[in-house]
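Each chain gets a letter, A, B and C, in the order it is written, and its residues are counted from 1.
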């Protein structure tokens, strides 16, 4: 099955773990900023890191949900948690690198989410949606739990970048069998769109700013 | 199985699709009002439309959740999304028709939710609850995501009307085999209760207004 | 299977039902305080009572979720709902007993959550997390639905007490086969930690108070 193949490509697995750790750091930092205590920040870190994939797995019926079968996810989240506390100030200074890692993370999550959805037989359209959910809904749960209106709903390039990356991945898959290369290019598209959207303040909404 | 029978009765399937579209419109309008962007309004429309059925499917273990198996749901939600933007002002003027459609929608969702729950072997009591969840919890998720206290918890006739309609459906099913007629009458009960509750400002709560 | 054994030990089953009722009362009281109507308070009571176990069951893939297979849960929640309304003022005066019952409840929920997770083959670490989720996340859903930042994230001893109780249960299980006694001691640990944490205002956070 394609999905086994994907996960056997070690670099994807490690980048996925890495993205999970980065997401955990960003969740923990948000929670520290909100003055949550040690348990609260841990929970928010956890939920930000695995929330998107969890919603995808639940919707498509993949149980137990992915991370529950692999202690490594627990481990990287815990490392992210420690890193966030130890290097709180440095992490914030490294914002640019964080942004890059985070974008690589959502790129990977989008593609692996799509592959997993295709593997259980969803349509192309819904698989694309599952990819976007995998990448973006961890942050939505984080925002709901911290009593904020989800950023995703006001900062649309985030989801649009995932969507575009997923679309590129579909098109490439039709023409090329170099899966690693296809994934690489798709993630690069996600990064480019996010980069330019922030640089030029792209926005899809009708509001006057 | 009874549920297959229900879904093969084409008019139910089409009314269900129609109700999904109406729910999407109402979700999108709420999100526009909250000044969400194009992606935010799409997500809120989607969630309002399929949220209740999704929670029901997850609780009873029906995977992938219903709409993921049928692209038509995606289609009507997208149509609802476009309609909401194109005819924003007209839609608000058509409030009375919207109210009627919306109530037909929750009536259908209640009955189909009950049938689906009975089909997987739940008790009558829980099936009734699943019916109410199918009809009402899309709105609850919408309110949670837009950082509001769910309207459902303060405007109880909505849920009570579904509950009463479901109850009528149970009683009728004991005495009559004309399933279409039973469904029709039950939905009519939902509409009547909602209509009179709004006309006479019925309320079950203890607060002085 | 161990889990069948656990549930056949009648006292656990009855304490679990009892804890569910207590959780329902606390949920209903919160919702009354928030001025929800009769349906809103019922829903919040329900969700507070079964929410934690529901999240656990969904994550590990146990469907239909536990309470849906047993009308007794519906019954105790409804009794809790009635009790909360009838004895609103007395219940608040009985705060100390409520606190004790509530703590017994989270102790039981932690241990039974752990057993259920182990039974489906989760690792020790994740089983412990599932135990804490079973005990604590009903309250998280309650807080999200009532538009509050979850108490759990600011009042960490609650989760930590469950975690410690679960840890004690693991250690005891290595050395002793008297499961009832192990459970009893573990719950006692939960109670002790909560009691002392409140008495001496323990807290794990870095904030200056």
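Basically, a residue touches a chain if its C-beta (ideal position, glycine included) is under 8 Å from a C-beta of that chain, and two chains touch if they have at least 3 such contacts.
On a predicted model such as this, the values are computed, not experimentally measured, just so you know.
The minimal number of chain-to-chain contact steps leading from chain B to chain C is 1. Superposition of chain A on chain C using C-alpha atoms only gives a rotation of 120 degrees, nearest 5. Centre-to-centre, using mean CA coordinates, chain A is 31 Å away from chain B. The set of chain B residues that touch two or more partner chains comprises 58, 144, 147. Listed in rising order, the residues of chain A touching chain B in the complex are 58-61, 120, 122-123, 125-126, 129, 140, 144, 147-150, 152-156, 159-160, 203-207. Only residues 31, 34-41, 43-44, 54, 58, 63-65, 68, 71, 74, 144-147 of chain A touch chain C when the two sit together in their complex.
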